[in-house]
Amino acid sequence: TPRTNMLHQWATGSDAEAIAKLGEMFTAEGGTWEQTSIAGHTANTLAKLRADVVAGNAPPAVQLKGPEIAEWNGTGMTMNLDEVATAGNWDSVVAPELIEVMKPAGSWVAVPMNIHRVNWMYYNPSVLEAAGVAEAPKTWDEFNAACEKIVAAGKICVAHGSFDWTDATTFDSIVYGMDRDLYRSAFVEGDTEAMRSQPMIDAFAEYRRIVDEWMDPGMPGRPFEEEVAMMANGDAAFLFMGDWTIGTLNAGGYTFGEDYECTQAPVNWGGDGYILNADSVVFFQQDDPDYQEGSVLLANTIMSPEFQTVFNQAKGSIPARMDVDLSQGFNPCQVKSQEDLAKSIEQGTLVRSMAHNMTVPQAMRGAMMEVITEFVNSDMAPEDAANAMADAVEANM
Amino acid sequence: MSSLTIHDLRKSFGAVEVLKDINLEARPGEFIALVGPSGCGKSTLLAMIAGLESVSSGEIRIDGRLVNDVAPRDRDIAMVFQSYALYPTMTVKENMAFGMESRGVPKADQEKAIARVASLLQIEPLLRRKPAQLSGGQRQRVAMGRALVRDPKLFLFDEPLSNLDAKLRVEMRTEIKKLHHRVAKTTIYVTHDQIEAMTLASRIAVMHKGVLQQFDEPQVIYERPANIFVAGFMGSPSMNFLAARTASLDGAAAVALDLPEGESVLPLPTGTKPQKAPGQPVILGIRPEHFTVAHRAQPGQTALGRLRLPVEVVEPTGSETMVVLRAGDTEITARYEPADAPKVGQTADLLVDMAKACLFDPVTEARL
Amino acid sequence: MSSLTIHDLRKSFGAVEVLKDINLEARPGEFIALVGPSGCGKSTLLAMIAGLESVSSGEIRIDGRLVNDVAPRDRDIAMVFQSYALYPTMTVKENMAFGMESRGVPKADQEKAIARVASLLQIEPLLRRKPAQLSGGQRQRVAMGRALVRDPKLFLFDEPLSNLDAKLRVEMRTEIKKLHHRVAKTTIYVTHDQIEAMTLASRIAVMHKGVLQQFDEPQVIYERPANIFVAGFMGSPSMNFLAARTASLDGAAAVALDLPEGESVLPLPTGTKPQKAPGQPVILGIRPEHFTVAHRAQPGQTALGRLRLPVEVVEPTGSETMVVLRAGDTEITARYEPADAPKVGQTADLLVDMAKACLFDPVTEARL
Amino acid sequence: MTLALDHRSDSSLAWRNRLAAWTPRLVLLPTILASVLYVLIFTLWTLWISVSNSTLLPNLTYGGFKHYVALWNHQRWTIAYTNLFVFGSLYVLGSLILGTFLAILIDQRVRGESVWRAIYLYPLAISFVVTGTSWRWILDPSTGIEAMLRNMGFENASFDWIVNRDMAIYCVVIAGMWQASGFAMALILAGLRSVDQDLIKAAQIDGASMARIYRRVVLPSIRPIFVAVLVILLQFAIKTFDLVYALTGGGPGLSTNVPAIYVYDLMFQRGQIGQGAAAAIMILLALAAVLVPYALYMAWRQRREAANG
Amino acid sequence: MADVTLARDFDPLATGGLRRKVRAKTLVYVLLTLFAAFYLIPILIVLLNSFRELPEINRTGFFAIPRSFSVQPWNEALNTFCVVGTCEGIRPFFLNSILMAVPATAISTAIGLVNGYILSMWRFRGSEWLFGFITLGVFLPAQMTLLPWAYILGNAGLTNTITGLVLIHTVQGLSFTTLFCRNYFVNIPDDLIKAARIDGAGFWRIFRRIVLPLSPPIVIVTVIWQFTGIWNDFIYGVIFSSGDKQPITSALIALTAGATSVRYHNVEAAAVLMAAVPPLLVYLFGGKYFMRGLTQGAVK
């Protein structure tokens, strides 16, 4: 009988419930389901994976994402899923930006579970109204203008809790919103010249203004749910964050339209943009035929519209398959996310997220994030930050 | 006016009363020894004089001033501890200076005082050493030095010699005696070694179970002990105690001993009044040195009794020989000149110097 | 055949030689005391006999059998330690049984042996107690009991009494002496108390700095010490040493002392041969008890010298009085009967019993 | 008994003796092997990895010192290594001073001594996973002390160290002291109790105040205990990991990074095993910087004691 | 053995006036109370939040006066909350921790006792050196040993087993237990062992009958030290065990370290307190001996 043992880091709460669903579906298909859920930080999951590989028993299925798929594919230990993919016609239903990631060397070695949108801007409609901001800003200039009013009205403009990944999430939206091409060359391709360029300096300058003027000094280390609550409670107007915020908002009992609304983070170039983040599962080669069978079954289960629906309703993200209907049981933000994704693909503006480890290798991403979070937590000049980022990346290439 | 007066002093730890109604006074310059077996309360009494223990009831006066509730630092005393209690991290000099430093004595005066005492005690070469680098005798000397630099009203010593080995103890004892002659300060000296007390003190206070048994000059305590406890405690080997009864000999009052070898009747000790009717039980106390070999008896010596007893153990110590004799159920120790000592199994023929013997009441244990 | 033979024994710890060429033998049933100052190697020698320390060179034989390399358990010895080394977690009974248990002696025999020894030492009421619940003297007794139950060939004692207070020490000493009379086992007894050695031993080995100084009967060691070290070590208070020179008195060889009060010429000690020409430096040794008050001189006593010296300190101990006299740079201690003792500041007029005095070579320190 | 012994031949005794002589060594063997594995092999392996070409997975080919070069060119490492010294010395000294102070307080014949002791000691029993969050809440200006003070009416009260990149490391120090000072207290208190009471009596008679007695007499005489506490705390400091993770996550920015976190991140999250190993070796070097002087001090003390008998 | 008295019998304030005494005592108690507050506040906050309802916490933060009271968080933490793949609360992990910490503590303590006994009483040439070497293990940072351990556990077939964790903690614990026990046994007088050797006892008999009965104080110290150390470790638990085999601290990490998922702070607080109970109990019951043994074991 098909067996599997999936290594993942969705250890608690809604995440754990979502993954439990996967187990149920896998079992229903006749498989024997086991899971290894790792507590906490990504570092723990990767440490576990490395330990298992060193110990000589690589897990059959692992939650891995972005460039790591390519890295581990490079070790030659991953399993080729091309046959299953062809049978399931994955190439035509999966978002094109994701296909590159899932097929790092031309063959399918990973299956995507969802698509997260990173460049959401949540806002509290009553705060905006009270400050006299008619509608959510669409460009960064409008945004700054709105913030001036909000601050004048005695509120914090941007709710933020500073960690390297949240600082980078916000910066993702800023760079992307200021200059799409800059984002591609600097954050997706890792071009250090682009990092040193004037547009990047401008992006840092904008970020400097946001940090110094629109965010509050209590942000370093502020827990995630607290920044969410700041916005939803009306202490702050905006929150730049991915769609996983929805789960937290639901748990806090906040309602869409009253306590919060969501919109695309400002872009200076008009049109619809989308920064994408996706969770995926990589399969490692196994000697045991049961496990081989299990991997095929698991891949198919993950790609099934049923799973994609159930899983993403719980996580706040949207299915990785473009052909799933969101009209039932999804939050309005999720519906908008799917629409925007389609538009973005159409307009060619879709990018993967650097902050969420979908573009450059971990070593480079880590170096960039260090510079970003240092920038946020110091008074580093934009020029210096741009150079420091380029230097750090060069040192780690 | 006396330098130290203790009046009706009591001390309890919880329900246990460890000192009962102590009365004591030391005249200026006097050297008082406090002796008694372990646990009798000597250290407690000394600690109360020093202010290290609170007073349960009664009075302690130093130079007439009531000090019951005065802190140690304000009593103007100095103390030498059994453990020496030298500050281990300070040099000898710093140890001696610490008290003056704490009292804010100017540096120059400190130096002078230390120089004076160091030369008095001949510890100049040790001034820079730490206590760990000193021998036992040197430590003892430094501990005394620390007490001497301050020139206090009262010196307190708590068994200062008991950590030294026998030879050194004898030497230091002599040294303390000379020192006291020189500085002539009132001194209270706790010891459980009765020889130290005898040789050093001008008066001895013998304690037992928290009660002061006798407080008098050494010779008086040795020759006319107040009771059996004092008699047995002072002197080594101990006084021999024999169950006896009052009798009459040649018409005079006497004591009779029942021995396996038959009854021995001895004259009454000098100074004892024959309060009791003949036939009453008494306890006869004879010190080991108050026996004389019969054939050495000097003509004209009076009040002699004669005993013939079998020899059990012979212990030659070199300068003298101790002989254990059997007298019925009890053992008697007699001191011999080495040349006169008998052999085990022989019968010793001894004269008892009854002039120096003591009689005790078997019930009250007091001397008659 | 002797029970213990030690032949040319040496012991080094690393580069330090702590025992040098020790030769010793104990006859069956003999009681040998090993004395010497702290650190002279007594405990080390005992540990080597017990097998607790290895032998660097030389031989140790027990009952003729070479035991250099035999484990302690197979030497058939018993040992009593200064610290008693009672197993703190076992009762007295278990302590005594442990050795037999380790050797697989049947329970019934164990019980019998323990009962026998317990009654011998009168420790039956203590059998169920733990060592912590015992007084010092009781512990000492139990430690001896543990050694006695096993009926070994050799008893080793390492300062068994030095943790007891003075009174108890004297009592236990007598007890050990009686016990040895009773069990009559070969015994090696380490002590640094020379009185213990004198009273207990049939022969005494005096050690100093790892070298055996003299090995002989107590009386010989006391009266004819091999050298200054032995003379000074044995006896308390110590023998007085005076720098002197050979002289002649009435034609016979004599010794002369230069004192502030003028030259004193004394007859030669008995048994000393006048090997040296007159005027040679020698050291004269006189024990405190070999002085007699001039007016007590007994007629017919020969070989008397006479000294007149100022009194420095008087120390009455009760049974006798020690008087410290000044003789130029040195101090002399003399023993007095309490009644004869002079006062400080007076001049003592003393006769010296030169028959018992010793002369030493100032260079080799050996007795002449 | 005597008889039974005589029957045994000397040669069989000798054989038994030899076996007995080797028993201790044989019994110790498993521990020796385990220590050789754990201490020696693991360290050598890490040392080798640090000069190998390892990245994603261990790779045993020699790669020179490039990881060390990269390490020291990395700003985050410099911060982490500096923090190790800043945090290490403050945490150790702070815990020592606080622990000493507490021990002295408890030493004043207080009632309920064991209760006070338990209160100060309990943090040692609880892992930082457990209490880090709570400390985070306390120190965070928006939820903790600052907010509380402001609610109480002190509008200008400010205690925002944890969000201040220059001060955050001191928050880590405070939380670390909270955990470890009880341990220092326990050891020092026991040390105070082992001090000869006569010393205090003598000093009292000498006229010294209690403060002076502690400063000049009591504390100096338990110096060996201070040294022992010092070494144990330093060892904690160097291994500090979960404290920082739970409290600041290494931030704000990089300001509270410490080497242990750096090693973990590089070895596992970033897939730079070689550089992580190099960092681990640097930690060991920092340890050696502490341990070697300590070992020398101990050897010196032993020799001095031997010299003084 | 140096005896550390835990209560002093000497009162420096015995004399010198009542006022002085009262003033000094007041100051002491005030300071003690202030510090007690400093030490207790963190745990009190956790305790209070474990009884609040989640929406209230999310809206008002952790440092607020509780307005709601609920035992639901405790119930969930104990019975129903989903952690690392199972939904039975933290109970199963609690059991895992017991299964891991008890044997590892027991074995490492037992071996440490024997080692300490040998290294203090049966010294041989090089034994001091060996002792130093074993002690070095105390200082290795865990991060450094993860991969070598992975290799060993993998080859021994012990990955994802509690046995593997027991092995790791035992080997690592040896350094500490040996250090403590050896330093404690050094204080046992040599004479005791010599007496036993003369009494004919061998290596094991001396250990069993003489040394072991003297060991309770140091056993308590090592047990406390090891037990709390092993119980509170999470990194080995996370890496070398998974799912329902994880020890409780690793499961707690899952509760407290998820950055973006919804966090149930009240349940976390309850779970965290529950996880802290065993080490706290061990400290409370062994505290007195801990201090006594620690001075004898750690200072030498």
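The chains carry the letters A, B, C, D and E, assigned in the order they are written, with residues numbered from 1 in each.
Everything that follows uses one rule, which is that a residue touches a chain if its C-beta (ideal position, glycine included) is under 8 Å from a C-beta of that chain, and two chains touch if they have at least 3 such contacts.
Protein names from UniProt, one per chain: B, C = ABC transporter ATP-binding protein; D = ABC transporter permease protein; E = ABC-type sugar transport system, permease component.
Since the model is a prediction, treat every value here as computed from it, not as a measurement.
Separation of chain A from chain C in touch steps, taking the shortest path, is 2. Least step count on the touch graph, chain B to chain E: 1. Seen from the C-alpha centroid of chain C, the farthest chain centroid is that of A. The chain pair with the larger count of C-beta pairs in contact, out of A-E and A-D, is A-E. The chain with its C-alpha centre at the largest distance from the centre of chain B is A. Once the centre of each chain is set as its mean CA position, chain D and chain E turn out to be 15 Å apart.
Centre-to-centre spacing of chain C and chain E amounts to 56 Å, using the average Cα coordinate of each chain. Chain B has residues 51-52, 71-72 in contact with two or more other chains.
Residue positions 41, 44, 47, 50, 54, 163, 223, 226 of chain A each touch two or more of the other chains. Along chain E, residues 10-11, 61, 146-147, 202, 234, 252-253, 256-257 each make contact with two or more other chains. Under the touch rule stated earlier, the contacting chain pairs are A-D, A-E, B-C, B-D, B-E, C-D, C-E, D-E. On chain C, the positions that touch chain B within their shared complex are 38, 165-167, 170, 173-174, 177-178, 192-195, 198-200, 218-219, 222, 234-238, 287-289, 312-313, 315-320, 322, 324, 335, 338, 344.
For chain D in complex with chain B, the residues that touch the partner chain are 196, 198-199, 201-209, 212, 216-217, 220-221, 223, 308.
Those residues of chain D that touch chain C in the complex are listed here as 1-2, 4-5, 8, 10, 13-14, 16-17, 20. Remark: chain B residues 51-55, 68-72, 74 touch chain E in the complex. Only residues 10-11, 14-18, 20 of chain E touch chain B when the two sit together in their complex.
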